[in-house]
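The structures come next, written out as structure tokens.
Below are two complexes that have chain A in common, paired first with chain B and then with chain C.
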Partner chain A sequence: MTYLKPSFRHPALPKNKVGFTKVDYEGAISTLCAGCGHDSISGAIVQACFELSIEPHKIAKISGIGCSSKTPTYFLNNSHGFNSVHGRMPSITTGANMANRDLIYLGISGDGDTASIGMGQFVHAMRRNLNLVYIVMNNGCYGLTKGQDSATADFGSVSKAGKSPSPFPAIDLAGLAMEMGVTFAARSFSGDKQQLIPLIKAAMSHTGFAIIDCISPCVTFNNNQGSTKSYDFVRDHIEATSELDFVPERKEITVQYEEGRTINVTLHDGSFVHLRKLAPNWDPTNRRIAMDGLQQAKNKGEIITGLIYIDPDSKCLHEILDTVKTPLNSLKEADLCPGSEALEVINAGMR
Partner chain B sequence: MKPRKVNDMVIRFANVNGTGSASANDMFAKAVFRMGIPVSPKNIFPSNIQGLPTWFEMRISEKGYLGRRAEIDLMVGVNPATLIQDIASIHPGGYLVYDSSKLHHTEHVREDIHYIGIPMMQMCMEHYDDPRQQQLFKNIVYVGALVALLNMEMEVVKNIVRELFATKEKLIPPNFKALYLGFDYAKNNYDCPIGVCVKRINKIGDKIMMEGNAAIAIGAVYGGATVMAWYPITPSTSVAKAYETYCKKLRIEPESGKKKYAFLQAEDELAAIGMVIGAAWNGARAFTATSGPGISLMSEFIGLAYFAEIPAVIVNVQRGGPSTGMPTRTQQPDILSTAYASHGDTKHMLLFPRSPAECFEMAAQAFDLADRFQTPVFIMSDLDLGMNNHLSPPLKWDDSRKYDIGKLMSAEDLEIKEFGRYLDVDGDGICYRTIPGTHPTKGAFFTRGTSRNEYAKYTENGEDYVSMVNRILKKWETAKNYVPGPEFYQKSSKSTQGIIFFGTTTDAALEAIDILKEQGIEFDSMRVRAFPFNQEVKDFIHAHEEVFVVEQNRDAQFRSLLINELELNPAKLTPVLNYDGMPITANFITQLITKKVAVS
Partner chain C sequence: MKPTNIADPEYFHKVVDCQYACPAHTPVPEYIRLIAAGKYTEAYMVNWESNVFPGVLGRTCDRPCEPACRRGRVDEEPVAICRLKRVAADNKGDVLQYMPKVPFKSNGKKIALIGAGPASLTVARDLAPLGYEIHLYDEWHKGGGMMRSQIPSFRLPEEVLDEEVNFVIDLGIHTHFNHFVSSMKEEILSKGYDAVFVGTGAPRGRDLELPGRKDAGSNVHIGVEFLANIAFEHKDKIGKKVIVLGGGNTAMDCCRTSRRLGGDDVKVIVRSPFKDMKASAWEIEDAQGEDIPIMNNMPPKEFVVENGTLKGMIFGKIKAEYDHLGKRNLIPTGEPDVFVKADDVIIAIGQDNAFPWIEKDLGIEFGKWNLPVLDRLTFQSTNPKVFFGGDAAFGPENIITAAAHGHQAAISIHLFLENKDIQKERPAPTTNLYRQKMGIHEWMYDSPVVNDDRYKVTHEEKSVTLKNRKVEVELGFTHLEGFKEAQRCLNCDVQTVFNTSRCIECDACVDICPTDCITFTINGDEEDLRTRLSAPSNDLTQDLFVSDLLPTSRIMVKDEDVCLHCGLCAERCPTAAWDMQKYLYSVTKAGQIL
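This part shows the complex of A and B:
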């Protein structure tokens, strides 16, 4: 069953720079459980895209399978979407990106979709620095198949379905990404829109692979006591690395911050990420410091959030492959077919 | 004077893998080709990089029969490890050319064959210092000896050497020297030519000699493929390699030096097909090349492309199965697993090329079919066609040809026409699609592998589902008139008996028909070129009382496909099956058929 939202629009709804209202970035009404963290992330995506003033058709939203992977139906109705197969969003996106380098690719996945069945594709897309925003809606369980533990369930965490605590160590997706040499790594929480929205904006402006490992409680199967992915547990253990603002291109930074406490990172498109550090030694442009920080937080039992690492000068897959600037999908026969004369030369070489 | 077989023989070279024999053998085959004589070389190689036995077999046939023939007239036996077996396989009256540097054992002696010893290694040791060169030039020495023994034109061979080393000129004189070491020794010690020999004729015309895999790759370049994703697997790897090679020559933007293609080695076949589907969904022509194990892995995604209606071109260069099977031997064992790949009700278009020229043509055509029907299209080649050089008509391209991109709506179309992704507007089962980025507010839809209605909205309504899958079947019906039809080898049916074949069984089947005709048994024949089968295929079978189906697998899969799809009486179709991994021969077919005809 599909729920369609009433299309009534208030005439006074504010428009963004490209003439769209926020409604233009919304999707169908969600069919997820009320209170599901995933819906909050959808909301953050809508807000980020609206504020960034991206024309909706310049975004392609691609997902795997799971409750999380269903969410692209619930945002960006005017963007093409692709709900592919379980764990394979990265390969679909790689192909799509090869075909047209000019769109923004928003990949949505779950922790089951990424950390189990899709682990291979996840790390390889990262290794190639595919220009993709990869959001993992991480609830530590398989929501859609009714709550089994996923590979991101923390050791000792208890879900509603699991009678006993998880006996295996968790895969830390942000940590793994760092290990893989990812060029943009962030962790966030579905309940912290203030942090999530600028992170999504920064990820969309980053050229290369940007992972946001977003903790997103499953209210139905993994929000109970004993779970380390419940709203309560996460709120109690969250530790932000920094507060961040995303500053679009050419906008002046007006607020002044205390010397040594702020970092500005300029992205490819001229925009900035402006960070107010909360921990004095934190530096998200230094991979080693970022990895140390992750490890230390883990030892302390903290869930570290915010922008963990960014390499704003990285080369994305198209640059590595050295493809033409024109999107490959817009090349025509004349650009592609060498013609009969060239074929005669080939034939001659076969005699 | 002894009677001689001219331009009609089978030569087999028994070598050790990784010793440089391949290029010497190719040189020899090319020389025969350049003397105007039809030749079909076949590599019989191990799944190994160095050390295991490998054979190179060449049929030379003035009549132009290119299928394999099993009776070996001349064996160049330079692999001590297989020598006993190689000697045993020589046809009575045939020849063994061997390295007489070392003494031979009594078990090597057969009364009914001729022995031609050439001290290959000994001569190389005398004339070259570097051990690697001694090894390599041994191969050239036997080529030189064959030039004398078979009465070939030395100048032709020398020209090939000159071309081969055009950029490394200093290698030409030592190669010539090796050629003459063999040539002179044979001339001085044997009565040349021997009982089999070659003679220049003019049976080649404008034909070319190349591998099917390269032809497919060139077809993909001409067909406009811009994205190629793949994972290495024999015997398909050279499709990818060739695509990259030809793109580097033909697809570089002159102003920038940048590439008008994306070539990506994926982490596995799942990713390779995912990339192809993602690219095609986004409006690029994309393809992958694989073999049986890869098809198995791709199956989930193939079903997605079928159901979500996304174009994809997949080259299946088949090899012996099941499992890892016989990875370096040929078969046609994936007919059913490809035709019905993936779970649920699925069926896929298959194209069956028989020659490099057709590999080229069908590869280019596959992209048109995939776009028009918004579905996966498979090119069903095999190891024999893909990795061996084949005599073939030249590759042809009509410059007025336009790509058929099918029903793709532009921004302007969206302004004036209603869009429903799965609306059957034209009644042919094919709907209009849009690609991402087309229009700011129109034409966006959600692609999914789950059931949906005509406007691409998720539904679990049974009626909607049934009308959707039935509409996809209608598309299948439409496709029957678009895929290449069968080829017939008679003007009209003359016999009550027919033979059906496809792909690489063609050469042997056509030769078998000639042999049977000489024996007074007349057959009508049909080469099927595509699945779905069209009306002509059906009519042919109905017009004959008994039909033989020639194929290279154990279970008569093509026959099953015919029976299943055309609702035929199985008793009418008699299987002729070769599945030992070696290309089928005409004698094999005739023997089986005459036996069956005699029984009935």
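This part shows the complex of A and C:
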């Protein structure tokens, strides 16, 4: 019986800039089904945080309820965590973010947690441009309750539990996010870490709300023939907008590409995203083109992945509200209480 | 890279580092699991089939398996394989019931074995059950060869050796003990043997021709002769001050023996640096533990004799320098020479082969260093009837190598006497793969990897052992210690078998692997692939396991280097593309032994 992960690691594991190896970003051994896409996303998060050289205690991982929302146990053991109420991850995160703006917020949610019970919270967090990386582990079904269709199950998709194909259209989370004016939208696939890791890194460096709608096959209930969220179906229908690299600091790019085929998007912190476009005329900084592209892909039956849209000049909730730069939890009495003399002045003004 | 051919028996064999490194390819993890299960008799028999002397080797083996042990690459120290072997030998039950039983049906052929050491005894063990009439010649009154004459009884008690020698002798071997063969032609070849095996070891200890050597006379001893004289009780005393020259295992045995025979100021003096000493680390440690200083970088120059009595030796001082090719030069430091007092000096600086008893006109050619010209695979000499093995074949090695030679020579002799091609008709190893799955998280082997450090074996009190050379120093593991040490074994013979057609590329194995062995990537040549794996891939001696092309045009690459064989890849695989299968590789012997 092995629920125990050996503690031995590769003896030559590289260290990142802050002196940690990948092990320092790992979590407990997963109890999800073997082959669950969610575990790959956890692996990508571990790798992305390691590569970004973020100190684990500077991250807060917050989740709701569901298979997806269990995963924060399986990565970043040394980070802050809050496993909240079903669909309420955005409001918990809003509170935490307001109290301590210095942490990086990593919200983990699933298709049920986001597109059904948490829909209201989801759209409002986007509308407010909360500084949050919001990863949806999207498998199109309710795995924890034995695989019923979720609101992201595609029209006509057959799950292992459902006798008939889904009669309803799916909620397209990336499309909805675009409609809500999100400042960073991406879609990816748990089986494509090469794309997912730089996307997570870019999302963590973005200021404002960053959604990654990550298709993550449910091996137990939704990896069957007829499902549109199986490993095979997704691989057959996937179309990437671009190949992207996340570059943490300005470096000269030595590789030459055909004119008009590459785009660099510089983020707030000076890092940038380097994109090699696969689809002509794609411009991830142009909301209209991005929305058109999403719609066209949908019409063609393609699953478009990669960075869909980014607003590098986005203003997050703190900037919109012009909140104090110091995290609220660090403000001292002297900062908050102007003193009796100031009170006297105010009172005098009332007389 | 081309997909790995796991049907090739050598691929998975190489993954079992200990077994691969063992000259006799003893299935180490197999018997370690039996020890953990308390099945000591069965563990002993696995050993006996493979190396004939489990009790002897469990104490004295050179342990090429231990530096090879995978655990040494992820943990500080390897599994104490040798000491575990001893646990099986010490606790075994009735093993005779499993051994071949005399009488065997005669096949009418006669074989002579010269020298009753480990190589000859192995040949005897392998060939006797096939019906050969075997004649074993040795100059001493008992079998065992160097295991008896060279290994002091505080490391190998006589009863342990006697028992294992007798297991072989009792297979109906005709012994000719107290018989020093002085002529191959007259005493052996003239008697009409169908084949002859020479396992006479490397019996001649090197002397040191320095000024004063002749005058020093009987107070200077040759290491191997000294040890033999003690073993056969021709000698039981030595002076108070003793110098042992040499840095090999014989030197260690000589100095420790001297401590037990009255030497209370025993020094080992070596001409080269400590790190270049040939002795096994644990033997050096044991010698130091018996208050024997080891002095390095001191080449001997002269025996000092006054009035016919040895007074000591003069040594120079050197330092070692290594050129860019790693070749060592010993350069004098210019410091003044050192005089070291001594009543006795033991010279243990190496052994040579000597075959004065083999006449030159027998068609047996000798080459470099007076070694016979042999076929490396078959051990056949230039006289097709005559085979060599053990130290007599390629110079001084060790017991386990002698046993490995014996097995191969026995196969050659058997094929030769059946008029078969001894090169081409050699039997292939037998191999087996058994699935280990019992449930989702249950395997037939103990898959969890324990963190325990290597257990130390208890020693008898020094005050006791130094008084009596027959008291064994190491007490061996207790049952519990044996169990715990056995649990440290990573079960490298339980192989990770990958089935490309089942893989859905979900990455579950990549994510769970504690040591980052697995990568899915685009194919390339080996050098290129090694730069693109999940973790650094620096050990080029460890193979990459490469799959066929997967649906996404990638391949699965597994670096075997630090795989813990924990089975997590197979547990997390939703389609059983990974499976844990026990691989049993067995070197085929001349005939079936068990």
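Keep this in mind: the second predicted complex is superposed on the first by the 321 of 351 C-alpha atoms of A that agree within 3 Å, B and C clash if a C-alpha of one lies under 4 Å from a C-alpha of the other, contacts with A are read in each partner's own complex, and residues count from 1 in each chain.
One rule holds for everything that comes next: contacts are C-beta pairs under 8 Å (C-beta built on N, C-alpha and C of every residue); 3 or more make two chains touch, one makes a residue touch a chain.
Quick caveat: nothing in here was measured; it's all calculated off a predicted structure.
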* Between chain B (first) and chain C (second), which does A:Asn329 come into contact with in this model arrangement: first, second, both, or neither? -> first
* What is the contact status of A:Leu103 with respect to chain B (first) and chain C (second): first, second, both, or neither? -> first
* Looking at the overlay, what does A:Asn224 touch: chain B (first), chain C (second), both, or neither? -> neither
* Asked: First (chain B), second (chain C), both or neither: which does A:Ser190 touch?
  -> second
* Could you tell me if A:Asn16 is touching chain B, chain C, both of them or neither one (first, second, both, neither)? => neither
* To do: Decide which partner touches more residues of chain A, taking chain B and chain C as the two options.
  => B
* **Partner chain(s) touched by A:Asp232 [first = chain B, second = chain C, both, neither]** => second
* Determine, under the contact definition given at the top, whether A:Asp39 touches first (chain B), second (chain C), both, or neither. => second
* Structure fact -> Intersected contact list for chain A, partners chain B and chain C 1-2
* Complex contacts: residues of chain B adjacent to chain A -> 33-34, 206-210, 218, 221-224, 226-227, 229, 246, 250-251, 253, 256, 258-264, 266-268, 270-284, 286, 300-301, 304, 394-399, 402-403, 434-441, 444-450, 457-460
* Residue numbers on chain A that touch chain B, as the complex places them -> 1-2, 24, 55-58, 60, 62, 72-73, 77-85, 88, 90-100, 102-103, 120-121, 124, 128, 318, 321-325, 328-331, 333, 335-340, 342-343, 346-347, 350-351
* Structure fact -> Interface with chain A, chain C side, in the complex: residues 73-75, 440-443, 447-449, 451, 504-508, 510-512, 514-517, 535-536, 538, 551-552, 562, 564, 566-568, 571-575
* **Residues of chain A defined as touching chain C within the complex** => 1-14, 22, 29-30, 33-37, 39-40, 42-43, 190-191, 193, 217, 219, 223, 231-232, 235
